[in-house]
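Both complexes below contain chain A, partnered by chain B and then by chain C.
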Partner chain A sequence: MSDHEDGSHLTEMELRVRALETVLAEKGYIDPAVLDLIVEHFETKVGPHIGARVVAQAWVDTAFRQALLADATAAIAASGNFPPVGDHLIAVENTPDQHNMVVCTLCSCYPWDVLGLPPVWYKSAPYRSRVVMDPRGVLREFGVALPEGARLRVWDSTAETRYLVLPRRPAGTEGWTVDQLAALVTRDSMIGTGLALTPEGDPQ
Partner chain B sequence: MNAVHDLGGMQGFGEVVREAGEPAFHADWEGRVLALQRAVLYTRAANLDGFRHAQESLSARTYLSISYYHRWLLALTKLTLDLGLVQGEELQTGHALAPAKPLGRRLTRAEVAAAYLRSPFGRNPQGSPRFKPGDAVRTKNLHPEGHTRLPRYARDKVGRIEALCGCHVFADSSAAGMGDDPQWVYTVVFDGRTLWGEPADASLTVSIEAFEPYLEAC
Partner chain C sequence: MGEDSHAAQAALGALAAAPQDGGARAFSEPWEAQAFALTLALHRRGVFTWAEWSATLGAEIKRAQALGDPDTGTTYYQHWLAAIEHIVEQKGITNELTLGRYREAWHRAADRTPHGEAIVLSSADLSQ
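Coming up: the complex of A and B.
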């Protein structure tokens, strides 16, 4: 780095971000060391592993499942088994009759506290434009075929509520532990663009 | 505002493209932009609704052609410029030239956990909710020039109140710098065919979260 102290090796985006950060820091509005912590948190601490454990717990514990469906933020806080989540998290349960899918057509609202950062496709124009109108077409692209007769419900995150889909528990997992079950809960199954994996770890 | 961010029901964007093994950030600067956004909003000089409105105010061409965090950078730059926190010349030179403005608070190491979680948006209600679960409602035919969270595909449509979700900061007011103006929020469900006509999947329902001022009885 010493031969590039003028930043000449940086891309235009890096230079622009660095300029904004430096000016805000020199004025005392922000502390760059705190930014490091925020980046580390979102890069390494939060992710779908949190939501997967919440789902697995709901599969094995009826009281927790009912509390989660009543008020997901409160149920997760009360259980003591998970990191805290912010307000207004709503869990929506897939059943044999109804499959749920989540989108934010207006921006990219997503339950970061339980799923981490959203993937690029979730924030993209194709997903946001199509899933409210043609969810079955979107599901086909994700390789998901719904059972005959299943209704589709799309939840558009237009306010400050956030949604976590509770996928159906795969058959053949009776007696499994929360850890074993969590390994079958994919990120996409908690958005509704996928299903939980089979006991063999394959897509259904 | 009726801008291109309001994507629901638009056609022609093609297939959903997924990336195998996608990283949290595709470049280090993306993480810095996310962290900057958290730290700037923490000062209370700006709010999340204003940040969203700044993104919506980008030209359609820009909005659709740049990456997510690039859009965040442009929105954050616009907000900080508009608020007078930074000046164009400072961003050109990469250094502060003018004295800082006094701000409400600054995110420190001790308080950083506050930037990890979503802020609470619930507020004390000013009155009783006008609707209850089961009520039929019609969304208003609104086309405000400012920020709104009623998507175009769900305007002037008959739906049903499914749930009352609390009384929250009203995004339309907050984005305009007019304060929280708390409003009741409802889950409103529409039949797919109400939104998209006869060819739509008869088994489809779509819900939005609607602030009470978006709704009228029907």
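Coming up: the complex of A and C.
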């Protein structure tokens, strides 16, 4: 509570952030104006829509798909269609035989440049621990049932390496444009806790 | 395992029930965004590597868990903020004493600022 009824109030977290920001700015380590730009960038420009377009492009363009699977960071930079990715990004492709899921067991590393900020559940201890011990069970709780024979591979992100799942292209989308296809690519399908939507826009 | 797995089940149940949560909103409060941006800015400045950052953040998460945080993802940026405080002290940039002084100063600034107006720190707040 504020000491004065008519004054303002900052929470403990707000006080701690402001204290850090002020000290670091006074010492010349940060520029508050740059912080504002970073926040604006992540709140308005970056999000899973970028990853969705990367995936859709890979679905229609075999050369891009191969380049993406060889070196996602380089392929995205070379295409000129997407903002550059700063981290070392690895794309892992779902096939009829293998489904991929991404986690960061240590601290919730996430491919910010292509997916924006991680959802709350991605940062939760239950997801981080259970996806390693029981990936199939976690997947079921997200409403995804894999065919019995399909392998499930879990990729543990590190500070230096982030993963993007390349989901399978839904049947019945032959001849679709990149824009149409991108609308079927959900955030969860690129983390591996979901599949791309059907042509009708429903979960598979 | 018992209690832990119950908590895990509950949290996972909640997350599976709302798989699209947070899709539209990157941060739940502005301070989280500020803390996130601070880390990116400090990394760009070369203050730490991503490996150092993730080790520090991972340690903060473990410490919070040991102190009873169920760690369901909603306290993530609290750990994130603690990791920044930790790493800047470790790098000799500032220390807890200084940060505490600035927290008190911001508290005084808030107190004297009429509700609804922007809170600005003045040197008087620091010299008290």
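Please note the rule applied: the second predicted complex is superposed on the first by the 193 of 204 C-alpha atoms of A that agree within 3 Å, B and C clash if a C-alpha of one lies under 4 Å from a C-alpha of the other, contacts with A are read in each partner's own complex, and residues count from 1 in each chain.
Here is the rule we use: contacts are C-beta pairs under 8 Å (C-beta built on N, C-alpha and C of every residue); 3 or more make two chains touch, one makes a residue touch a chain.
What you see is a predicted model; the values in this text were computed from it and never measured.
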**Study point:** Fit or clash - chain C, chain B, common chain A
**Key:** clash
Exercise for review: Tell me which partner A:P48 touches in the superposition: chain B (first), chain C (second), both or neither.
Suggested key: second
Practice item. Once the structures are superposed on A, label A:R130 by its partner contacts, choosing first (chain B), second (chain C), both or neither. Key: both
Practice item. Once the structures are superposed on A, label A:R18 by its partner contacts, choosing first (chain B), second (chain C), both or neither. Key: both
Check your understanding: Does the superposition put A:G192 against chain B (first), chain C (second), both, or neither?
Key -> neither
Review point. Which partner does A:V138 contact after superposing on A: first (chain B), second (chain C), both, neither?
Key: both
Review point. Is A:T158 contacted by the first partner chain B, the second partner chain C, both or neither?
Key: both
**Study point:** First (chain B), second (chain C), both or neither touched by A:H9
**Key:** second
Check your understanding: After superposition on the shared chain, which partner residues are touched by A:P170: those of chain B (first), chain C (second), both, or neither?
Key -> neither
Check your understanding: Counting only touches as set out at the top, which of chain B and chain C does A:L106 meet: first, second, both, neither?
Key -> both
Point to revise | Doubly contacted residues of chain A, that is, touched by chain B and again by chain C | key: 11, 13-24, 27, 29-31, 34-36, 38-39, 42-43, 87, 106-108, 116-117, 119-121, 123-127, 129-130, 138, 141-142, 158-160
Practice item. Could you please specify the touching residues of chain B with respect to chain A in the complex? Key: 5-11, 13-19, 22, 24-25, 27-29, 31-36, 38-40, 43, 45, 52, 55, 64, 68, 70, 73, 76-77, 80, 85-86, 90-96, 99-101, 103, 106-109, 112, 115-122, 149-151, 153-154, 165-166, 168-169, 171, 185, 187, 189, 192, 195-196, 200-201, 203-211
Check your understanding: So in the complex, which bits of chain A are touching chain C?
Key -> 2-4, 6-11, 13-24, 27, 29-31, 34-36, 38-39, 42-43, 47-48, 87, 104, 106-109, 116-117, 119-127, 129-130, 138, 141-143, 158-160, 187-188, 193-194
Check your understanding: For the complex, which residues does chain C have touching chain A?
Key -> 7-9, 11-16, 19-23, 26-27, 29, 31, 33-38, 40-42, 45, 47, 49-51, 53-55, 57-58, 61, 65, 70-74, 76-78, 81, 84-85, 88, 93-94, 98-100, 102-103, 105-107, 110-117, 119, 121
Practice item. In the complex, go through chain A and note every residue touching chain B. Key: 11, 13-24, 26-31, 33-39, 41-43, 45-46, 84-88, 90, 103, 105-108, 112-113, 116-117, 119-121, 123-130, 132-133, 135-136, 138, 141-142, 149-162
